[in-house]
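Heads up, the next two complexes both have subunit A, just with different partners, subunit B and then subunit C.
Let's turn to the complex of A and B:
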């Protein structure tokens, strides 16, 4: 009888591995000016989930060919972009869309992808893994593959009690949540640690102003879509999506309207963060502009009219009573250069080389 | 201590104790509902269905939102101040209206409501996240200029032309307090208000939108639009629902 009980207990212990509890991450530094953020209650940040997410992010086994990882298209040195107009995954076929920078994802629009089709980082994470042109992986096979790796067995065990699709998504989301860029020169300026140069300061003022000739205020109009501190799109509802005049009605893509089903959202795309923008070329959802100069030229005379174009873009003009047929900010060359100078203050070298966000497979093996 | 004194003392203790143990007043749940109109017509976004108040053509509204702040409820000799009361009123949601739900732990029969259209001077000068105030939102100009109190964006279709309409109205001096009777239906406690967007263009003479299609930082123009704030919100009468 005693033996039988011991046997039953033995089986119980064997089939229900017991893991240490994950260690919650209770504090981390974020600038006050970034404002509120939320972390889903069913996926709290833990040391283990972040470590696991980082490992998964850099692991090519996440793709069907074992050759493409998340980091292939999201490279840290490029603020987690890839320098290409359209990213190239396992199919070798360039995607229609530009790889988005991953920084400060807990703020700004909580919809992901250029067209906002995912409503959480957890939901987002599994889509590129399965996309035939991106990573072309079967999730069932992926779970099996990871279940043969002892490091993953241990990490998943502690973080989530086992390996599953859901746990993979949660871990990747946790890692992405801690990709916080908050030590650019602009941040240092906001903290009162440095002054900007004269040109940068002119650029900052132009960035932060909607032009108003009647009030003698010149502006670059950036802030109408890019919030003052985050420089991302706005968080509330769909305020972080906009049609910024890239195409006329004939060429306009569906964008957000594909997700909402509303005609008024046609050609709306996610307003990206401008953090580290100097290292994330090419620009726009399809990577059509190679330089920041081209981007500024777009807003300064290259706007295409369409039915859903933002009236703020049509109206913003630094020339009084302007009667011309082109829609333009009519900034001077000096002003354009100043805005670009300011945009360079958003580069955060610490973020671009922070060891916490780097490839764990390239770390020196522990002694 | 003689016996009557002891009885008195015991009674006093019992009285104090029972006062302490008294049930807190049942919280009053009050719903304030705001329905959007453009003059007599209900608001429908993105359709050229509203006449230019002082000129030719029709306009459509693409975006409309505004701050309503510092709600106070008044009863006889008592005023309840709603904490952190900064509400971004917007109608681009599934319901097509905006609701504020209050829980008031005070037993008074409130008969009047007071609130501000806009953001009060003190809050307008900070970058704190209080209520719906968010310095990284679409309603923030920048930390030097403060908040837009009202955001109206759309287009005017005017003879052959399409004119963009941008009315971003802020500035401390345009913060406007309104007081209205609070008419609470028995149950549920609900009071319905009518928001008339057209009032923004009728504060003085009806505005020709083609003549002033955009108001942002010009103080005189901003004051002209803001003179309509006092008629922006009214009690919803029978014609409203």
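Let's turn to the complex of A and C:
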């Protein structure tokens, strides 16, 4: 019996593939001002996990129809959005929510989706794959399908020791973590490499300021919610969610309250990064605004009151003792244009075409 | 808020609208209890100058540990002060001529930890012995102003300059220089400038001491018209000479509405050898300065060598190197000095300070206790210039901000064989104004 067990074990050891250890990711630097980030200890960044994640991200085999990949709704040239109000997956039905931009995801609340229902990138990664309207894939079948591909067998083997649901999630998370954008004109300005135009500079100052009429301080009130606009929001968990006055009480969606069960979170959605905002139209969780001008108009007179509306929005007004019935920043047209001009400085052209983040299946074969 | 720097003001529009990102970032990071320090190698102890990041939470097991250290090149004198710009760029002034102003590039490595990637000594067009930096807007244009106590050469017995830099590319726009021996009699001069502050289109710098600490000592303020970038007036702040030297005005704060709403603008200045704090009223309507008034007399109160002025949301703190205390005053009462509590008992050399909160929410103040780090006579160090006895304790003491209770102490000489030249919170100190 002992010999039998030993024999079986011997066969197992002989037939189990042996893989090289994964290689640590090459050292990289990111801007100090982005703040601290942490990478899960059980999913360290490795060259192989990133390469694998990139391949999976662009592979339509991740969908049940083999026609939809992550990149279908997260296109690099659009800062990993898709230009649609509601993304369209395998069901052909527009989804209720706008595709979120993917950039600098190591920072900000480690809660993903507009309602924050996933608490890690690993958890997030598998949900669209299984969603019937998005990719409608059975994970068991996916593992089998990938197990017939020698490239995947090798990459998964080195990166994670084999193919599994968990390994798919980890690889996709690793690739998304490395989607770092840090070379917009505003980044260059912060590094002292360029100066902003007069209009951009006015927009920057308005962006940073909460209006204070007593101090003759005009402000766009943007920073109150978008404090970490270069990355991906507050790091303090639920601080990165708010109700920005899109709907009144009757029309208010559940939002974060769906996840937390708290009524005070009704209508709360994740405050998105503003990095590359000029290329991620349409805007808001439901893509209701087609342009940045429409977005500014919303904050400048279009706010809908509801019980959970952010108090920072309610009190932000550039007119002293404003008696009007509307909640508005009361910015001038010039100020609106300036803020939009500033927002355009957040576009990182290098990121939008960085070959490290592009479709590996379209790479030209090496000569 | 800013790091070791003045709050950015806009000439004529007194606003703090241009709030930098650093405080916002600090609030959302878990590094609020970390400090960045300039450490000086002590020649007799065979150590080298460095920039280090330290854990300063007394509740942490890593309290007092160096988390990261970057060895500096050997310059002719140590780097002296750290300052964050409004955009979060880190600068240092230096006491020598080889690197009197530097930009320090901070990055995060692939583990997320902060690291120094470069220290670039900037072209100052010959200005040496950098002291303080202030970012300030004049007629809608932002500038970086730097005081150079050695001016365009320490061989000058009455040198000193204020460098005006482009805050984006660090290039010199103008060197404001007016040596006493070169201007006419009774004409305004700039000599050994150190402290700097501004309100609207008026800037004030102090006349402290020749960098060799022997050639000369100042006793006046210089007012600069920022429209012309020229000195227009000197104001003497001197009374008794408790140690026989001129008063040596050092750090200065232009009290203004952006610091204290509705405050009557005035200059507050500490005199290093006069041991005093003075107030100079400012009439904003005709842009005139009134007669200086002595608000605090250390010689009678038992304190000496007042140095820094730092503010929080509601208090102003003034450090006194002797006997090593920090006095605290109500911010809302400025420009008058109305005590807001008991002195914080630090150590001899009490100088720079930072304010921060622990993970548990306790508010703290860390005080750097040394005047200069140019050696230590106890080690037979020939570079010792500890010209006033016992003002180099080489330590950082950490106190409860509310009670002043001492919660911890790090002695850099004992622990690291180094001295500490300056401290700044990793993301800026959370204080609203300084100098």
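We take it that the second predicted complex is superposed on the first by the 347 of 367 C-alpha atoms of A that agree within 3 Å, B and C clash if a C-alpha of one lies under 4 Å from a C-alpha of the other, contacts with A are read in each partner's own complex, and residues count from 1 in each chain.
The rule is short, and it goes like this: contacts are C-beta pairs under 8 Å (C-beta built on N, C-alpha and C of every residue); 3 or more make two chains touch, one makes a residue touch a chain.
As the structure is a computational prediction, the values presented were derived from the model and not from experiment.
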item	value
Fit or clash between subunit C and subunit B when superposed on subunit A	clash
Subunit B versus subunit C as contact partner of A:325, first or second or both or neither	neither
Per-residue touch tally on subunit A - higher for subunit B or for subunit C	C
Contacts of A:27 with subunit B and subunit C, given as first, second, both or neither	second
First (subunit B), second (subunit C), both or neither touched by A:264	first
Which superposed partner A:215 touches (first subunit B, second subunit C, both, neither)	both
Partner chain(s) touched by A:194 [first = subunit B, second = subunit C, both, neither]	second
Which of subunit B and subunit C A:227 touches, first, second, both or neither	both
Subunit B versus subunit C as contact partner of A:41, first or second or both or neither	neither
First (subunit B), second (subunit C), both or neither touched by A:312	first
Part of subunit C, among the options 181-189, 397-405 or 415-423, whose backbone runs into subunit B after overlay	397-405
Subunit A residues contacted in one complex by subunit B, in the other by subunit C	33-36, 208-209, 215, 217, 223, 227-228, 234-236, 239
Of all residues in subunit A, those that touch subunit B in their complex	33-36, 107-108, 208-210, 212, 214-215, 217, 223, 227-230, 232, 234-237, 239, 263-264, 310-312, 314-315
Parts of subunit B lying in touch with subunit A, wherever the complex brings them together	45-46, 62, 88, 90, 92-93, 127, 129, 134-138, 140-144, 153-155, 164-166, 168, 213-214, 216-219, 221
Residues on subunit A engaged by subunit C in the complex (per definition of touch)	25-39, 45, 106, 189-195, 205, 208-209, 215-219, 223, 227-228, 234-236, 239
Footprint of subunit A on subunit C - complex, ascending	13-19, 21-22, 24-25, 27-31, 87-89, 103, 106-115, 117, 167-170, 257, 261
